[in-house]
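Can you read through this structure? Questions will come right after.
Chain IDs A, B, C and D follow the sequence of writing; residue 1 opens each chain.
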Amino acid sequence: MSAVLLLSCPDQRGVVAATAEFIAARNGNIIHAEQHVDGGPSEGAVFFQRVEFEVDGFAVPRESIAAEFAPLAKQFGMTADVSFTDVPVPTAILASKQPHCLYDLLTRWRSGEMPMDLRVIVSNHPDHAEIAGHMGVPYLHLPVTSESKPQQEQQVLEALSAHGIELVVMARYMQVLSNDFIDCYPNQIINIHHSFLPAFIGANPYRQAHDRGVKLIGATAHYATSDLDEGPIIGQDTAHVSHRDNVQRLTALGRDLETVVLARAVRAHLEHRVLVYGHKTVVFS
Amino acid sequence: MSAVLLLSCPDQRGVVAATAEFIAARNGNIIHAEQHVDGGPSEGAVFFQRVEFEVDGFAVPRESIAAEFAPLAKQFGMTADVSFTDVPVPTAILASKQPHCLYDLLTRWRSGEMPMDLRVIVSNHPDHAEIAGHMGVPYLHLPVTSESKPQQEQQVLEALSAHGIELVVMARYMQVLSNDFIDCYPNQIINIHHSFLPAFIGANPYRQAHDRGVKLIGATAHYATSDLDEGPIIGQDTAHVSHRDNVQRLTALGRDLETVVLARAVRAHLEHRVLVYGHKTVVFS
Amino acid sequence: MSAVLLLSCPDQRGVVAATAEFIAARNGNIIHAEQHVDGGPSEGAVFFQRVEFEVDGFAVPRESIAAEFAPLAKQFGMTADVSFTDVPVPTAILASKQPHCLYDLLTRWRSGEMPMDLRVIVSNHPDHAEIAGHMGVPYLHLPVTSESKPQQEQQVLEALSAHGIELVVMARYMQVLSNDFIDCYPNQIINIHHSFLPAFIGANPYRQAHDRGVKLIGATAHYATSDLDEGPIIGQDTAHVSHRDNVQRLTALGRDLETVVLARAVRAHLEHRVLVYGHKTVVFS
Amino acid sequence: MSAVLLLSCPDQRGVVAATAEFIAARNGNIIHAEQHVDGGPSEGAVFFQRVEFEVDGFAVPRESIAAEFAPLAKQFGMTADVSFTDVPVPTAILASKQPHCLYDLLTRWRSGEMPMDLRVIVSNHPDHAEIAGHMGVPYLHLPVTSESKPQQEQQVLEALSAHGIELVVMARYMQVLSNDFIDCYPNQIINIHHSFLPAFIGANPYRQAHDRGVKLIGATAHYATSDLDEGPIIGQDTAHVSHRDNVQRLTALGRDLETVVLARAVRAHLEHRVLVYGHKTVVFS
């Protein structure tokens, strides 16, 4: 069991030493540490760090670590998050009719390979209620029309709030979220787009890809922002295709990409390895 | 040693049998054959085929095969090209200052892995004259300015014509070719673009990729057309990158992609495996 | 809807023409055709072909095509199989406790992306009975011990026979099948091995991979033969790993590879694109 | 310009803080730091770290940094190497007849993308003398027979010593080095093996791969050790192949893999990102 510090601040001398010293002085043992400096000195470089250390034997009880670290964070102008690897992140999945991303996440959740505390599945369709019941996950069916959209979003938000959700995964949820919704969960909503962004923004990317005659298709996992398809990219991948692959085949091949790219991005977030700055991300390994 | 028929025509019953029968009746042995039908019956499907057969023992002398096949081609409305695997394609390389694609093609040419008859290197810079001389390839240094561009293009065209060139490879040649130039070599000029087209069209794609924070970079080999960066795509590939990779590093990583993607596309063309239709390609395996 | 001819015979002149002529003379339209010749003329080359043609309008009723083709097959010494794309292959899945390959195949089966007629799941554990029930697939729980193994295999064989099974998929079924069992389904049992064969043959390949310090892990789908881990390979893939990945992490990463490599191999078989010769395969695209 | 500390020692509390404090106390600014702990606490975990910090403004002159760090290294039982990013590593390339890896490294060296101080090319064949001369690199032609091998190795060693070589790259050098030779350059000789080790150890791996019918070929860069093909692996990659690819084609495709896998491994070494422990490596990103 370990604690994870996720830090960012203006780059400055001594910041690595200060954090390491903070931990060592309290009898902590650092298991992993990774850092990144973005930008050169002239342009105001930004420092990012992920430090993971053992909680056993640490001189400060876990519930007090954040408070104990606060003065140091203030001194360096840090944004600092403290998490614990034995506390899985309260998560909701939004889904529509397509099952591939949803079923994959359910399988991974059940296998325990991800620190995900899956609390609810919300869908505008009833299709997955039975499997959710079988898996023991509450399933909230909230249909939506263009008229009922504001009310439906409100219902979704209330459900997320009631479940104490900290991560929302859009597993091919075919609704555009309003800015008001997104503002409630900044950098906490992960979406999967079925193209190699920024290529083929918008609707029907596999149709667009086929029309252009590309030799690769892609998928992109990103945080949802008010600029549709412009949010910070967490991960991407591509697969080779050929003239033999029609739109239906591209779509089927694409599902495999979407599934694995979304799963990797969700895992990175759940393991507290992602930091957002501007419209970009640092994803520690 | 074998002959290659590269065919396209409106899809129709009996076309495969007719070509196979043509070869079998003349004692030919088919080594490879691959075909593709694009589009459904309703939309006027197009038939594409590549047939490779042994020339040894074939009842028609090689210089007469095209004429012998012509009536059948006419009957089915075929566009038909006849090539021979022991006749490498007369090729010119256009290069500027960057060496990576040029040197790679030179190495492959010398190793004999490609059926390329490299007859001339044309460059707007003198940098590679010495290695060309060492390799025994004529090197034509034709500097260009915005004023001299029409004249320089004319000189390039004359050189290509004098050398009987049938394939022009733009190995990171940093000049935009005029439409008049391109019209002289339809689907015979291969360019390498340093992005996963259609993402990051235009200048400085690695800078664009860095600014967008993508997690993959790409390269695209395509035939040059009057619509810049819109020509039929022959091949593409991508490589994973991370927040650690600045523009300089993306550029260096991208060079490896450009090199291999261009080489694969050139090889496919030289092996008579590429057919163009509209702004797309069929690339047989 | 189309028919698929899967052919192999000693390479000889006229074989392509004869088959194409057979189809054309009966008013058939060839949609796809791919062929391969293995080995040079001296060593007795073998010819392989997959021909797909439209059944609509074909002069011979589908139930008579095989018989109609038999004389031509005999003339050329062909092994010939006739299948129809609208007749999914009767399939059984064998599974143990691990869910990833099983759930993935179930999801693909339900989405209709594969021509699979899934008739039964057989397992030596009860774990997946509920999801099978939810999905509407019969689930046969047949526990096995070293003593009961022969009897259990007999029960499995009876179930496969009762369901008219033509393809058996070992979705991480953790039992070694006896030669007698395998002989009942030659080239009809697909297994997934969790390494890049022939590296790390045998037990605990991820442990072996970690001990050796490799930078890639792999998975291999192959037909089961009496030589364990030596059967004809249908497909393989690899993924990059690093010093950071311990055995548990390698195992989790490997599950993703196993899942997708098995699914691709099963799809290739179901689409009648695989031909076995000796201990190798031809997998048409 | 920056300094790189490459450290390993038994894992212990405070080691990260001590090094960071050492740098901060001397007004250093850490640009990159990455660390890894191998093995659990019970088995005697080992700590590895790469720390890169700016030399400008550092309170200790560069030539004294190693001595200044020595007491701290001793206190923690560290193996510590100090390097500077503006001091390229003195390198020799060993080559035989095949040009692909050699020419690729020459191109990269000339483009300045690697911190390599290429001082000499040694070959048992004269083939590359002219291009070496053109590139301005001394070329030592030392033919070898089974009888003259000990003497030839002695001559090679003398040349390496005379040039102050610290890294030896075997760019498809087709001679097995003796243990005596290897002992002179522990973890300083990089070899490229043309298979995905540990599959296809020994001679003719592409022939072995073809005979086995694999669907992927690979290449492995590793440090040379007395156990042939068993040295610590630095990097590996694979490429998809099919039944269409005969041994000649596998060999040609393999050359591309060998080239890029060797180049990546050499770059990692030159950038001081590789640490060896036992027969495994840590390769920092």
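The rule is simple: contacts are C-beta pairs under 8 Å (C-beta built on N, C-alpha and C of every residue); 3 or more make two chains touch, one makes a residue touch a chain.
As the structure is a prediction and not an experimental result, all values here were calculated from the model.
Novice: If you tally contacting C-beta pairs, which pair wins, B-D or A-B?
Specialist: Answer to which pair has more contacts is A-B.
Novice: Using only Cα atoms to place each chain's centre, name the chain farthest from subunit A.
Specialist: B
Novice: How many angstrom between the C-alpha centroids of subunit D and subunit B?
Specialist: It comes to 36 Å between the two C-alpha centres.
Novice: Could you work out how far the Cα centre of subunit A sits from that of subunit B, in whole Å?
Specialist: Taking the average C-alpha coordinate of subunit A and of subunit B, the gap between them is 41 Å.
Novice: By the touch rule stated above, which residues of subunit A touch at least two different other chains?
Specialist: 36, 242, 244, 285
Novice: In their shared complex, at which residues does subunit B touch subunit A?
Specialist: Against subunit A, the touching part of subunit B is residues 36, 38, 196-200, 212-216, 218, 232-238, 240, 242-244, 279-283.
Novice: Going by the contact rule set out above, which residues of subunit A touch subunit C in the complex?
Specialist: Contacts found on subunit A: 99-100, 103-104, 107, 110-111, 113, 130-131, 134, 242, 244, 252, 255-256, 260, 263, 285.
Novice: Quick one: in the complex, what on subunit D touches subunit A?
Specialist: It is residues 11-14, 16-18, 20-21, 23-25, 27-37, 285 of subunit D that touch subunit A.
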